[in-house]
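Step one of this worksheet: look at the structure below.
As written, the chains take the letters A, B, C and D, and residue 1 is the first residue of each chain.
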Amino acid sequence: DDPLVIAGRSFNSRLLVGTGKYKDFEETRDAIAASGAEIVTVAVRRVNLATPGAPMLVDYLDPKVYTFLPNTAGCYTAEDAIRTLRLAREAGGWNLVKLEVLGNVKTLYPNMPETLRAAEILVKDGFEVMVYCADDPIAAKRLEEIGCCAIMPLAAPIGSGLGVQNPVNIRLIIEEAKVPVLVDAGVGTASDAAVAMELGCDAVLMNTAIAEAKHPILMARAMKAAIEAGRLAYRAGRMPRKLYADPSSPLAGLI
Amino acid sequence: DDPLVIAGRSFNSRLLVGTGKYKDFEETRDAIAASGAEIVTVAVRRVNLATPGAPMLVDYLDPKVYTFLPNTAGCYTAEDAIRTLRLAREAGGWNLVKLEVLGNVKTLYPNMPETLRAAEILVKDGFEVMVYCADDPIAAKRLEEIGCCAIMPLAAPIGSGLGVQNPVNIRLIIEEAKVPVLVDAGVGTASDAAVAMELGCDAVLMNTAIAEAKHPILMARAMKAAIEAGRLAYRAGRMPRKLYADPSSPLAGLI
Amino acid sequence: DDPLVIAGRSFNSRLLVGTGKYKDFEETRDAIAASGAEIVTVAVRRVNLATPGAPMLVDYLDPKVYTFLPNTAGCYTAEDAIRTLRLAREAGGWNLVKLEVLGNVKTLYPNMPETLRAAEILVKDGFEVMVYCADDPIAAKRLEEIGCCAIMPLAAPIGSGLGVQNPVNIRLIIEEAKVPVLVDAGVGTASDAAVAMELGCDAVLMNTAIAEAKHPILMARAMKAAIEAGRLAYRAGRMPRKLYADPSSPLAGLI
Amino acid sequence: DDPLVIAGRSFNSRLLVGTGKYKDFEETRDAIAASGAEIVTVAVRRVNLATPGAPMLVDYLDPKVYTFLPNTAGCYTAEDAIRTLRLAREAGGWNLVKLEVLGNVKTLYPNMPETLRAAEILVKDGFEVMVYCADDPIAAKRLEEIGCCAIMPLAAPIGSGLGVQNPVNIRLIIEEAKVPVLVDAGVGTASDAAVAMELGCDAVLMNTAIAEAKHPILMARAMKAAIEAGRLAYRAGRMPRKLYADPSSPLAGLI
């Protein structure tokens, strides 16, 4: 009754997950099943095309069940990202993609000028572009104007688990956006995901928080519940904060 | 598979809710049903004993379905609280109770010396005492030594919706406790509840956050999910926080 | 022009410092001089009464220049604290004292019932009692009613350097207090001290933050400036927080 | 002994201030004097060139005493900013300038692609460019590579008084920078300024926090002290944070 709609496609789950960092494909499969995610990101460069007979992700995650979202992890220039996604489209027919053009290895923050340039070319080229970006409201709006179908600001450095560092910026991005806004990267635990959703995000994409928890399957379940909790709380409209106490048990009668 | 056990009784839900502040008993009933709570607190002084024929809470919440937990809201001395709970026991047979002895109207913070004194007498008197207290690890331990069956430190002023103000203290209380620790009061939205559970609380008690949300039923559902999310995340063991990025898509292959 | 007045005595500096943890008495002396503090706390139990000829604190800090404030560090019962301060009064004539009755070694948090009991006896015994306490507004008010001349809630565990953990409580204590409120314990760096003063504290007492900085003398200077900054900001009245931008350069003319 | 060096020029104060928003030029002058600032920013567009005989800023702030830093407040395109600064250079000989190219009125956040483009042209044109930018470490590094002489990330929206929203990003920018990093915009009170300096910023630029305090002159003094406190604390090297207590009064002797 409250679907996530991206590029005209409708999803029940507002949790998107990555497929990296698990100890093996069994764990990948089980954690993703527990998360309830319908969209999974795949680093195009990581897909094993080299070794015939080696196990493959698609043996564990059925592309008819999950929407595969190819990303450009590891690309540091617009050209590299564009080339990667064109190869992905040729190879697998994927048109809905996640663009990321990284700035450096230490932060894995996006190079925004390159990202803007790549987004423009990819949109013109007919891709439906979900785009990883800085939590910069001006850049986020520009990416929407270019034609991206979802804006994906980072909450904190990829893999850091620090949670939403700048709620002011996420809020400003959401206020101006007419396409879905997804927090991408930086979530560390369940409450971080709930916070992102309470701010009004349409969805959250995560990977490390699940894969590097002590018990990934349990954490996948936690994240599923947290995304639902945050979304419901956003829709419910939280109580106002108060500086002083307010008795929750008004005394209407006396013994 | 992960029950909350208080005074030898086992519960599936780790969310306890109050019954005050709703617009009518229908909303009380529906919100509490949506929350999944099994224990509901009732201000003994508020129970309508005066007007024959007036609607009563028990007409809407079946005492066979819900565990009623009488509290001493509105009591400012040990004597007043003790007298109130003895009346409750005589009237309804309730032995599992929530003690609160308040310090002043502005903060509704507990008067801890009076609380300690009342707890001691009530425990000797055979009550099973869940006790509202300051987030003071030394006092919390003392309450456990006295024989209280659950320690209920405040997260923030009652009805303030400010969330867990001092996670350091909640953590210190939990580390030392051998009885359940419940955050009582101060939660404002779903992520606040998740944070409390991630710290290792056994459960959370709330009222205003649900009753004063714009849509109490939706918020009740949000809180149910948030409590589950926080508990699962606690059990899952969160990833470590990192100062720098860590690629979630390790590049194992190349196109 | 803005003196700190405690028990009728007036001080220019709002920074009180401890004398422990320095590598030697020279460093103690130099750091305290750099801090501008006029009141220094001394653990009565630590004062060297045993070894004749050994160096003594008073050889480095002139009791005519500094107000020595004996404290009861290491006391875990009211009796122990009372006995310690009576010995201090007999030995040194000190009447203005800092009471602390600790709850356990792990947190060094106060045992509040014992603290209240000791305070009552000491005040009746003619002491001017500055009192270390939990950040509990109800207990703080009670200590004032008992007759304590200054209320000293902790900001965070002693020696933790975590900064003010619960500004809501510190604010509530200050709002109700008619005697000076000093944050005691938990400050880690300059901004922590400024935060405490901006909340309206009358002064801050610290030790570890200076003594365990890499360069204690520099940090002592930092703290002196931070206390002044926080106090001035409090008196100046900060600007309101705004959710959106507000141009600081209104465009009154055009080139 | 610890000067701020920008573009080869040395300053004693690490506080830069704006000149807008004061009730009159007398207050501007007095607040700036109290702040100890040596560099003041002036919106070129705001300078009164229109009305002969009207009071002028330079009648109150002597350009021989203060370094005037023309800024491009109100410019929304690279061209507009470049034209404005060229006019300023022709009119006043100013070569050291502050570039800001804004993205929208609501946030006053920078338009980073336009900012990068303008910076490149201005540097080639011989300007010494201090540049207002998003707290984006990748963009900040690029601005340095272009040849900007100081990087000025925002702490929070201009005029919001929210303080440093994303210390992680400010830290990442500082770690990579070889030119001075100044926090520009968003500081609300003294502790905010201290926090920025403790992160390792070389200086802070502010306006509203002083001009819109209830008592601007007092707040200017507060900010002067806070900048010094934060800088000293940064140089001193703060104590490590600890999860548990650490007695500041080790008990070396016994009564």
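Observations on the model:
Please note the rule applied: a contact is a pair of C-beta atoms (placed from the backbone, for glycine too) under 8 Å apart; a residue touches a chain by one contact, two chains touch by 3 or more.
Model, not experiment: these values are computed from the prediction.
The two sequence copies chain B and chain C touch through a face in which the numbers common to both exceed half of the numbers used overall.
Of all chains, the one whose CA centroid is most distant from that of chain B is D. Taking each chain's centre as the mean of its C-alpha atoms, chain C lies 33 Å from chain D.
Centre-to-centre separation between chain B and chain D, using Cα means, comes to 47 Å.
Computed from the mean C-alpha positions, the centre of chain B lies at a distance of 34 Å from the centre of chain C. Of all residues in chain D, those that touch two or more other chains are 106-107, 109, 157, 160, 162, 168, 243.
Residues 103-104, 106-107, 109-113, 116, 134, 136-139, 141-142, 156-157, 160, 162, 165-166, 168-169, 172 of chain B are the ones touching chain C in the complex.
Those residues of chain D that touch chain C in the complex are listed here as 18, 20-21, 41, 43-50, 71, 73-74, 84, 87, 105-109, 157-162, 185, 188-191, 193-195, 198, 207-209, 211-216, 218-219, 221-226, 228-233, 235-255.
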